[in-house]
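Notes to accompany the following structure.
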Amino acid sequence: MRVKNPKHTWYSILLALVILAATIYLEFNRSKYGMAVSVIQKSLIFAVVAVAMNLLNGFTGLFSLGQAGFMAIGAYATAMLTIPVERMEAVYYMSGVVPWLMSLKRALSVLPEPVLIIIAMLIGGMIAGLFAFLIGIPVLRLKSDYLAIATLGFAEIVRGIISAPQLDQFTNGSYGLKNIPGFGSNSLSFMPDGFGVLLVPLFASTILIGFIVLVINSSYGRAFKAIREDEIAAEAMGINLLKHKQMSFVLSSFVTAIAGGMLAMFMRSIEPRAFSTIITYDILLIVVIGGLGSITGSVLGAFVVTFAKDWFLRFFDVPLIIGGFQVPFLRIGFRMVIFSILLMVVVLFYRRGLMGNSEFTWHGFFNLFRRRLKRPEVMAETSGGSMSPIIIAPGRDQAPAPLIPDPPGGEPEEEADEEAADE
Amino acid sequence: TSDSSTDGDQPASGDNVIKIGVFEPVTGENGGGGFQEVLGIRYAHQLTNTVEIGGEEYTIELVEVDNKSDRTEAVTVASNLVAQNVSAIIGSYGSGVSIAAGPTYEEAQIPAVAPSATNPQVTLGNEYYFRVCFLDPFQGEVMANYAFQDGLTKAAVITQLGDDYSSGLGNFFLKAFEELGGEIVSEQQFQTGDTDFKAILANVKNAEPDVIFAPSSVATAPLLIKQARELGIEAKIMAGDTWENQAIIDNAGADAEGVALSTFFDENDTSSPLAGEFVTGFKEFLNGNDEYLNKNGGDGVAAVSALGFDAYNVVVEAIKVAQSSDSVAIKDALKGLSLDGVTGSISFDENGDAKKDMAYIKIIQDGKFMFDKTVKTQ
Amino acid sequence: MSLLEVRDLRVSYGGIEALKGVSFDVEEGQIITLIGANGAGKSTTLKAISGLVKSNAGTILYKGEEIQNIDSQKVVEKGIALVPEGRRVFANLSVKENLLIGAYLRKNKVEIESDLANVYSLFPRLEERHWQSAGTLSGGEQQMLAVGRGLMAKPSVLMMDEPSLGLAPQLVRDIFTIIERINDMGVTVLLIEQNANAALKIADKAYVLVTGEMVKSGPGQELLNDPQIRDAYLGVTNK
Amino acid sequence: MNNIVLQVNDLTMQFGGVVAVNNLTMEIRQGEIVALIGPNGAGKTTAFNAITGVYLPTNGEVRLEDEVIQAGYPQGKMKKLYAGENNGKYGEIVDWTPDKITKRGIARTFQNIRLFKNLSVFDNVLIAHHMNMKAGLFRAAFRLNHAEETAMRQDTWELLKMVHLDDVALERANNLPYGKQRHLEIARALATQPKLLLLDEPAAGMNPQETDALSDFIREIKKKFNLTILVIEHHMNLVMDLSDRIYVIDFGKLIAHGTPEDVQNDPAVITAYLGVDA
Amino acid sequence: MGSTYLLQQLLTGISLGGAYALIAVGYSMVYGILMLINFAHADIFMMAGYFMIFSFAAMPWPVAIVVVILGTILLGVTIEKVAYKPLRSAPRMSIMISAIGMSYLLQNLATYLFSALPQAYPAIPGLKKLIKLGDLNSSMVTFVTPIITIILVVLLMMLLKRTKIGMAMRAVSKDYDTAKLMGIKINQIISLTFVIGSALAAIGSILYFTDRMSVTPFSGTLLGLKCFVAAVLGGIGSVPGAVIGGFIIGITETTLIAMGYSTFSSAFTFLILIIILMVRPTGLLGETLTEKV
């Protein structure tokens, strides 16, 4: 196995420090960089959801589109538990609040707010996990697109139930919830005045993503990958399909729901419509643009897509007049046209996403500058049905002729890097 | 990262610039109405684009952003405005996005004036949010009174599931109507994005109401009206302020005849010279630009345009009073402000809501929104 | 002029060069076999002729016309059919439909019918199971189907990539008889076989491929008796 | 002789109207290499699938070391449709999932190679150790099972060395030459520490040379791992060379069984399967 | 609750189901061949609505109908060439994202060009004729929709089952390379699929919008989701399945609303889907893909 370059470890530490420093800088100058702060917050949250989705889609090979539903569960649980008690009546202005929820909140209000928020998010995560477990029993037996549409259906059911007027006293149905404490909520940190808007989500996202990375690199992660590669073979290796699919599904839903809670804190007010299928598609987009089966890809994808959509492309919406000449096309609405086109361009030219299915490594990073990436022209994946993100050549072998002895070792694949990092 | 978003937006004229953010949906579900509101703001800006502070002339610059009628988007868009150092904000059409952006503005201590967001939640508990229009509870009450006074005692309510405006207004109507002694014979909900209402309407028809109250978006209105008439429903159809949009008449055609709605403004109300002046000027403004004309659906003056116009002037007035471009000062100025707008006199109560006690009822007649009467509540 | 002439054919997958300049001729009406170890490039050669993989260099002449790098489907139209490696039956089509789709380019319904009957007589199991979807056939049955489908095309050149793979001993023998029979009917055959023994026995000419290069050629019988070939490909215990 | 490892009783597998395996009874003793041969479509692979839990037998039972791991009788539609034999003899449904059967001690390879193509050779084998993991998800994620993980990796290395795949351990499985892929599939099966190994046409696509080498390889692992082996093969050289006993089926039914010599000369086998040398 | 009411609801359900079915078939066909959820299909449908608005204004209606169908086909085939064809050999997910991207593009383009406000759909003479049967009110199109649906689908099924082209389509769906080896022009076959799918979307849009009378850039969004659900419910890839699925969704939805559960109609629709998938994991008429091990 390749020995890990100690230099690279230093680079990694350096990078982490740079990120931290930049975050702290932004944190202290947050009013000046409001836009950046908000886009970064959103990117961090979507990065978590994208990584959780990747765990399912990219690593376990389960095509699930239920993200919006799990995010909604997490967001609503967090919101309902963290809206200050005294503001509840005003929020549920239409139909009032169910008494038991009020009692529960009163009981919980002895907790300091940061603790309450963490508990609320965990509760949201656990409810989502429980739902995932329950619907997983029947649904995880379904194959690819059938699973996708069933999970999507689940998300729609969740949304339908949340918005039902019959539950107004509980979820506040159509009226949504507001007055949710934000990341910069004063009581969230020892520092006054909204400190933590960036650091809190940064730490939360790092912990969540880190946890998923640990799982993926563990033996369970390998079992997930085996299921992705070939269910039947995985089963023949003694891997209990349903149990492992469940694990992946529950874990992913748990994390997604916590990210949903973070989204509620980011938005400060939520409504059922915010959790429609479009949000799931957006996340899928991030995952695929980043590279299915690549964690760093998902994180990168979250930042690239969010920054592009919410920030960089914004100038396309602003009519621009240069020297009395109105630049054509530039008017409101054009941004989204450009965004869609860019999206297509990325997919058409980086068909395996920005990162493919490999992770960021310093080795690969430096190689990027040394040689231009060559993309081998490979034949069509013929079965058409495989969910595998990797191009599989139809020929059954790709090795040198055995008349010549096998070359010893050979240059290990990128996978090996990950391997080495394990130990 | 650098604060690059302000690049390129710098105006040609010197340093004395004061920025006002325009936080409106121009795309998405409420894109149509949002744009009409923007038109009113742009027109007002065209008339008054400077303000004097401490003897110096400041150029007012509009910073327009599109919140796409989407709450998630709204937060980022709001931060975008904040980052661009706007002194005050106007917006938004659609209460949901206003509610979503509220905390951001509050934290940044920038006052926001909503032209047409009617949901109580927009201003409630937010010191920095103001509005120049009336509220849904009021509107619901107005419509209930109007219907009941006409001798319509059985009502059906159709609302959009998950939409706070629609559900809220429907609910306020429902409560007011029942209080008056009317009977609600049918309550129906539909999903956002639904385009087929026949099943719902068949239920409504079966309940034989005298009046249907169906507050909803501009996009769904013509569908509802036409399908109701096709099924042979003859009940009066009523809705709230959002329906005052030429597109509804263009789409629903003859079927739209007789539809009644409450609104904030009437272009044919000649009692106020200020309003008359605005109407003439605004029509000219519209006719001078094909895109405006096209997107506005003709040169009719929408109430939201008038409110946008008023909101802009309220903000400018507050700047004048404050004699400062400082947002907190502007907020304080707003609180005590009193001004005659084209939609009536405007001053704010402790919530930041304009004290308005009058609504216009309009009826669609001969393909036009015709003023029927004004309704005041006790 | 040979029916099919391959000159200096080079093919690579990504960075790996699988064919490093392969040349050979196929005379009309003959049975030609390519032998070589696993990964020598035999299948790649056939795929290149079929247009399934693009060649980097070299020419393929069919009846004097260059056909390298044209669409597979055009190659088939010219009369060159391939029974691909690894069966590749259409799993969602029935056995009969698989056979009929083999005759996709043919128009004459009567002839198709009689060829269908012919295939059925060669592989009675296929007739027995004509309704079954091909995906559920056993490995060997699928192989029969793949061969049968190739026959249905009525090509002038039939290329077969390991047609005996996974077939029972008796059928393996039958396959070689069938190949000879097809050949007798005037079809030129280009054959790849792991069972080099049997292939060499029926081949008019054989070529030996080693890591993408032609190293030897000669009449089948001659190679059969070549000790080097025996050692490398035919196995000791083989009868 | 030795203990019976696998006992198959009256196994019948019917798909719609097709009786793929019909009343197959066989037994395999500890330490034997037994071959299952028969014409194409005779039902060999199907028998494997029923033994390893991929299918529930339509009728009959499978016992591993006297424990019933699969048992079935005609139910539902099959009650009417059933065309096999011994209907009514079994009254119990036992339907272990393939993973459970693997854990219990039967490993297999597939007729069409089924490797985890995009994973390294090393990982392919390492995954086979997963089923014996004691640590749960959290312990494993936070590497609290360090010793266990290290042991797994150690075992994997040793196994790879033993089957001569250590030099390609970091290659992607898909990049291996065909023959090595077959070896890897066997190695992966061995990593599950089976008592009984089922091989489905391991020599398909190999030339006679390689087939001979495979023969030696199978013998070698059998010894090293103290295995019992059931193999399906059409290469008669390999079958005759390797097996202690042979079962022959045709149309799902057992037509002969015995030593290689017996079977080779059995006229029924010759007509149905071997044919006469030309 | 009078019998007219029941009849009215039944008519609504069947007619709605018919429209769903036509669009669902488009989803199903493309899926059947490319294994691709063509997210843009509903937006092609929406675009067909705008095409009609513009062509109706410019030419006599029979010509307009033909122009709309041709225009929609052109759009569908162009989308295939631009967004899907280059990705033939790419992983499935990429093609799907490309489809989502196309869907976004069409929606945003429509918003950009035609604004988010609804546009009135022209009344096609004859189709819009109001029919009164006692207390039952309906326009002609309500009756016509299910009939046209059935006729078109029967024709389509004959094409798929009886002709060589149909067989080729099914072959292409499983294995491009081997299909090529049979002499099948796969690009032609795939284009043909889009031609048929888009033509059905165009006809569907004429029937649907005539009945519902206005078009917005988002007209296709929810509808598309429902129709896709219909296709899955029926067994995706199966044309008759899509039709059955369409009718099931249309009728259950209407029934639920009629029973007074308008709040939960969508949730129930999905619940039914999930339940059906539980019993039949590949939908009502989907092939039960037994993978040979």
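All chains are identified by letter, namely A, B, C, D and E, in their written order; residue positions are counted from 1 within each chain.
Here is the rule we go by: a residue touches a chain if its C-beta (ideal position, glycine included) is under 8 Å from a C-beta of that chain, and two chains touch if they have at least 3 such contacts.
The structure presented is a predicted model; accordingly, all values stated were derived computationally and were not measured.
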item	value
Chain located farthest away, centre of chain A as origin (C-alpha)	C
Contact-richer chain pair (by C-beta pairs counted) among A-D and C-D	A-D
Distance from the mean Cα position of chain E to that of chain D, given in whole angstrom	47
Centroid spacing, where centroids are CA-atom means, of chain B and chain C in whole angstrom	74
Centre-to-centre distance between chain B and chain A (centres being mean Cα positions), rounded to whole Å	36
Interface hub residues of chain A, defined as touching at least two other chains	160, 163-165, 232, 333, 336, 378-379, 382, 388, 390, 393-394, 396-402
Residue numbers of chain D (touch at least two other chains)	45, 54, 110, 177-179, 205, 210
Multi-chain contact sites of chain E, meaning residues that touch two or more partners	108, 111-112, 173-175, 177-178, 263, 266, 289, 291, 293
Of chain D, residues touching chain E in the complex	45, 49, 54, 110
Residues on chain C engaged by chain D in the complex (per definition of touch)	37-39, 86, 125, 129, 132, 136-141, 143-144, 162, 165-174, 177, 194-197, 232-238
Chain E contact footprint on chain C (complex, rising order)	50-52, 71-73, 76-77, 81-82, 84, 88, 90-93, 97, 100-102, 104-105, 133, 135-137, 149, 153
Residues on chain E engaged by chain C in the complex (per definition of touch)	164, 167-168, 170-171, 173-175, 177-186, 287, 289-292
Interface residues, chain D side, partner chain A - complex	52, 54, 97-100, 102-103, 107-108, 110, 113-120, 122-123, 126-133, 135, 137, 140-143, 149, 152-153, 167-168, 170-172, 174-181, 188-189, 192, 205, 210
